[in-house]
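What follows is chain A paired twice: with chain B in the first complex and chain C in the second.
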Partner chain A sequence: MNTIKTEYLEERFNELLSAQPESKLKSWQKEGFQTFTKVGLPTLKNEEWKYTGISRLFTRDFSIPSKGTESISREIVEKAAMPGASAMNHLVFLNGKLNLELSAFKKSDDFEICTLEEAYNGKYRDDVEAYFNKSSLVTKDGIHALNTSFMNDSVFIKVNKGHEVSMPVYFNHIFDATHNHLLASPRSLVIVEEAAKVEIIESYYTHGSMDSFSNEVVEIIAKENCQIEAYKIQNDTPNGNHVGTTHIRQIGKCLVNTVTISLNGGMIRNNTDIIMEKDANEAHMYGLYFLKGHTHVDNHTLVDNTKPLCFSNELYKGIIDDYATGVFSGKIIVRPDAQKINAYQSNKNILLSPTGTINTKPQLEIYADDVKCSHGCTVGRLDEEALYYLRARGINKDLAKSMLLKAFADDIVMHIKIEAVKEYVESLIAERLQLHD
Partner chain B sequence: MSDEMQLLEERVNREYEFGFTTDIETDTIPKGLNEDVVRLISKKKNEPEWLLEWRLKAFRHWQTLKMPKWAHLKYPEIDFQDIIYYAAPKTNKVKPDSLDEVDPELLKTFEKLGISLKEQKRLTGVAVDVVMDSVSVATTFQSQLAEKGIIFCSMSEAIQKHPDLVRKYLGTVVPMTDNFFAALNSAVFSDGSFCYIPKGVRCPMELSTYFRINQENSGQFERTLIVAEDGAYVSYLEGCTAPRRDENQLHAAIVEILAGDEAEVKYSTVQNWYPGDENGVGGVYNFVTKRGLCRGHHSKISWTQVETGSAITWKYPSVILKGDYSIGEFYSVALTTGAQQADTGTKMQHIGKNTRSRIVSKGISAGKSQNSYRGLVHVAKGAENTRNFSQCDSLLLGDKCGAHTFPYIESRNNTAIVEHEATTSKIGEDQLFYCEQRGLDAEKAVALIVTGFAKEVMNNLPMEFAVEAQKLLAVSLEGSVG
Partner chain C sequence: MLSIKNIHASIEGKEILKGLSLDVKAGEVHAIMGPNGSGKSTLASVLAGREEYEVTEGTIDFGGKELLELSPEERAKEGLFLAFQYPVEIPGVSTTNFIKAALNEKRKYQGLEPLDAASFLKLLKDKAALLELDKSLLSRSLNEGFSGGEKKRNEIFQMAVLDPKLTILDETDSGLDIDALRIVAKGVNTLRNESHAIIVITHYQRLLNYLQPDFVHVLMNGRIVKSGGKELALELEEKGYDFIKEEMQESLTA
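Take a look at the complex of A and B:
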């Protein structure tokens, strides 16, 4: 059995840190690494990681990219980008670091983008101090701390007050694992000011045959009356592993929609946290995991209702084929005195193969009485009657199955509001189902 | 609202009606737990060598374990050295042959609890095994049952009279290494009930065990073993109470059920241990491991529980569905008031083909209490055509209480269908309005709605229990208008 190694991480950490000048950022990183040393990698005994043995990724030696020295050819960037990227604010993250040379976005007064360091040393010091790394208070595991440790060159985005960003902001994550196993730690802080509107899309692509592990943290601060769409499209190679935390704080009354689509990859874990810190917040979370091969996808969601009158709706659907594993763990917390909460959660799964696995854990933690909360969850197979109905009308079995699965998936895909992204996801699903036209 | 609050207050201050103590001479051993205590218990019970070895093995394993922390419960560290592990009411004999030999004080106690030990007085045929502190004090209707070949006696008696049966089945469903409390129980269990239904026999009456903690500072560790051979049927009831005391008492029991081919076991519990006062002082810590094994095809095990007592409840009656076409059921009403905490639910392990399980859990929380449902439905790879349906509803009465749901669903089989649904809410204003408009006052309306809420579970209780449980629920709900 391969042993889990983390000692070299300390060496790499010290090496990287000594190359940096003293700064506030560095102290955060130090703090992060201290936490990591203290709590270590999460094991299956850790309740939040019960179904995802992330530590086994650490049996290999990862190379950790140092400050923005890498480059990659434009063809690979094109290949990694989703169709329609040219009509987006295309930000290329190479090995976890924003690469401005490869990126293509229109400078406008809608939003600002710079490194976190520049933001801190420039006019956004207050913002960074107030909002950065607050997710570590919620996610206290070693994986999150590890991201903080290696987060140099993280990104700061601020959507200005009252501005609607007309083109979606697209994070194109590319991991170059041609020569070494790669550990990338993309980190970003996005502040959406009052009455602003923004769409954020992320995709992941591993180049080369070695393994990549991207350990990402995105923190989004949503202020009064803003609107945010946050999408993640995961269609990476089987050697692309990912842990991503999207931590959204609704600090003003606003609307947030998230859609997470996972189709291909190695071991994937998505944490989507929505912390409702103002009255009457609204959030919708959707997710689809349509898996084959040995892909493992674990979706963890959290809706923390700390104030009254909030509304949240959550729908995650899974289709599991081959040897794949789908995990869903949803948590709704209603804090004391957060009355008049409506929170709904639903998880539906179809197990196609006798070798697939589904683990699901929809949880409610409720400390206030005037609430309406519900969750439902199903695990099953395709409806025999529906199949029969279609076959009785002359549709062959495979096609009938594909039609039903497409309809099942469409429930989620229809919530993607950007046409280009929706078409892209639809085409990927059609390809998987071998549906043409 | 003020009226309602007042009513709620009254309820919270309601005295625990079974809180009296019996003044009776008791044989106790000193506080503390070590190998000598285990040996002493075994010696007192005149146990065979193999059982002592078994206890010691469990004790040694227990020492390597830590108290589990995962439950959604808050309680101080339990000092296991500060507990009396054996307490028995003093009688002339180990087990009296007839009721005339039983201490009248004891009889009075159970009379007061509404458990008649005098068979002729009972209208309905329910055989009772009564356990006070660490020992069984009386078992009724034994001879009638024996005619049919049914063995119903206390565990100590079974160990003496039917050692082969006990040895064959003890610890087969809940192994001593199962968990912290199971290991503790295996080491120090003092008594409990043993029940054996031979092949093809339908038990003509309800069997019942009544547990009573009396001795101060003592813990109760009883162990129940029910074996239903092929084609047998039994319905089993369990009730419990404890006196009012300011310190917490520990109750760590184990119930094991085995069901053979086409056998059916129905296990019902009305748990009414002393819940502590409204500030959470005193009360019983109820850490119980209950598990049934459907080892034969077409076997069925059904758990029904009404949980109203205990300061802390940590209890997950489970079914291992090993035989093909076996059925597991779990019906639960858990009511928490005051400062009570409950973390209860079930586990359904589907292993055999065409197995079915059904979970209906109704949680009602009031006062400052916390009520959690925690359940697991596991479908193993070979469990073709498994069907499960779970429903967990929570009702919140009052704005200081909490209701939580932690269901786990693990499916490894693509022909299985597993469904789970849960809701949490308070009593709807419209429902209350509807009732009040028809002339019911607020309290009656709430009682009606809650009764309706819990009905699905109550319907599954045997007649003898249903009345008691209904009453218990109604009394417990007095004034809980929210």
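Take a look at the complex of A and C:
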């Protein structure tokens, strides 16, 4: 039997830190490792990790990227990049670290891009002090603590007040697992100032046949009147594993939309947290997991209403084939002061194979008395009546199934506001369904 | 064109059709009437290939092929069309895309190239006009939020586009007001021709007033118990089904 090994991590951690001069980042990393040592990896006994046995990834020794720069060919970058990347602010992260040489973005006064270290040592110390690593959600959980311990100083982005970033900001994550199993820990902070607007897209690509595990945390600070689109498109290979937390704090009244599309990969856990810290905040969260093979995707969402009059709408849909597993856990918290909020949540699943698994768990914690909350989840097969109707018109069973599944998925895909990204996702789904126009 | 011989069919172990036979030739219009539960819709479902129904005995020849050996989609491509009593709403699939897929599947089966975009759109436009179907319905999700009348007109519209050899209208008149009924009947009559046979399943005489069937059959207890010309429908309308039951009693006691 394979046993879970974490002892070697301490050795790696000490090696990594001894090579670094003292810095603020280093002190955060030390704190992170202390927490990790204390709480350890989450197991299935942990309610939040009940359906996702992340610790079993640690039956292998991971290599951990050092501080230095690594490189990869442009050809691989091209392969990893989604179509349309040339019309985006294309940031290439290799094993979690921003590679400026391979990246292509337009410098402008709309936004700043640098490393966290640079931000802290330069003119953004106050921002980093104020917003980095503040949430208990991010600091208390073992897997997050592990991210903090080994964090790759991925990127600090600040979208300037009143500015609209005209081209989407694209995080092209590439993991090089050619020679060793890889543990990468991308860590970023994005601050969107008052009345600013930005679209962020992330994608993940594992190169090589060893296992990669990207354990990512992105903290996003959303200020008054800003507008944010945050997308994750996951179409990695089965050896690409991922835990990603997108932790969004709406500290001013603003609008946030998230879309998470998961089509391929190994074991994937997406935590999407929206913390509504100002009155009348608004957020829309959409997710599609369309899985085959042995892919495991766990979407954990949180909408924490701390103030009155907030609105959130959440729709996640899953299609599960083969031996795949889909998990949805959606938590809505309404704090005592958060009166007159509206929070809607829905999770719909289609199970295509008897060997697939779906676990769905809505959780409502309501401490205010004047609120409107609803949640619902369904797990079913394809609508037999609809299938029969299409077949009775001469449409072959396979095509009829594909048409119905595409319609089911379109419900989510239509919320992608960037045309190139939407077309890309549509093409991946059409390919999966063998639909040709 | 269609020859049904001694069909027995059951659902969930319950026998509904108990030895039904019927011959339909190209160009003919047959009406099938009968009280509730007599097996009318079962007949439609068996012909279209609904898998829940099990045919335990009998054969159905459709244009030289054994219909019961074909899948629902093969039957449709061979030229069978069922206008549903309750058309299904399919969110996310537009009426246009649906008909395009259906038409191209049929053409592929016939060894034809897919219709080019311009010809397809013209065909849709012409047939929509025939059924007085609002063109905005074509870009909407199939049947979603359509009124009862719109759904039924959409069925006949699909029939018009797909140009079948045999159409089965399963209580197409139910839930239609007089105007919608007239439009539907007009649509069907326009598509009546020597190579197109139609089976009209109905409770009422009113659709038959417009369609003028060549034959009227009475279905009772899973069998055709009486056949006649269109005047039989009028007689049924006037006297109800009881007189047939009485006739059957008499023939049994005689």
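Here, the second predicted complex is superposed on the first by the 429 of 437 C-alpha atoms of A that agree within 3 Å, B and C clash if a C-alpha of one lies under 4 Å from a C-alpha of the other, contacts with A are read in each partner's own complex, and residues count from 1 in each chain.
One rule holds for everything that comes next: a contact is a pair of C-beta atoms (placed from the backbone, for glycine too) under 8 Å apart; a residue touches a chain by one contact, two chains touch by 3 or more.
Just so we're clear, the structure is a prediction, and the values are computed from it rather than from any experiment.
S.K.: Report for A:R391: first if it touches chain B alone, second if chain C alone, otherwise both or neither.
M.R.: A:R391 sits against chain C, while chain B stays out of touch.
S.K.: In the superposed arrangement, which partner chain does A:G380 touch: chain B (first), chain C (second), both, or neither?
M.R.: The answer is first: A:G380 touches chain B but not chain C.
S.K.: Determine, under the contact definition given at the top, whether A:E22 touches first (chain B), second (chain C), both, or neither.
M.R.: Touch status of A:E22: no partner.
S.K.: Does chain C touch more residues of chain A than chain B does, or is it the other way round?
M.R.: Of chain B and chain C, B contacts more residues of chain A.
S.K.: Between chain B (first) and chain C (second), which does A:L351 come into contact with in this model arrangement: first, second, both, or neither?
M.R.: first
S.K.: Could you look at A:A368 and tell me whether it touches chain B, chain C, both or neither (first, second, both, neither)?
M.R.: After superposing on A, A:A368 lies in contact with chain B but is clear of chain C.
S.K.: Looking at the complex, which residues from chain C come into contact with chain A?
M.R.: The touching residues are 48-51, 71-73, 75-77, 82, 84, 87-88, 90-93, 97-99, 101-102, 105-106, 109, 141, 158, 162.
S.K.: Under the touch definition given earlier, write down the residues of chain A that touch chain B in their complex.
M.R.: 47, 336-337, 339, 349, 351-354, 356-381
S.K.: Within their complex, state which residues of chain B touch chain A.
M.R.: Residues 70, 72, 379, 381, 394, 396-426, 482 of chain B touch chain A in their complex.
S.K.: Within their complex, state which residues of chain A touch chain C.
M.R.: It is residues 383, 385-386, 388-397, 399-400, 403-404, 406-408, 410-411 of chain A that touch chain C.
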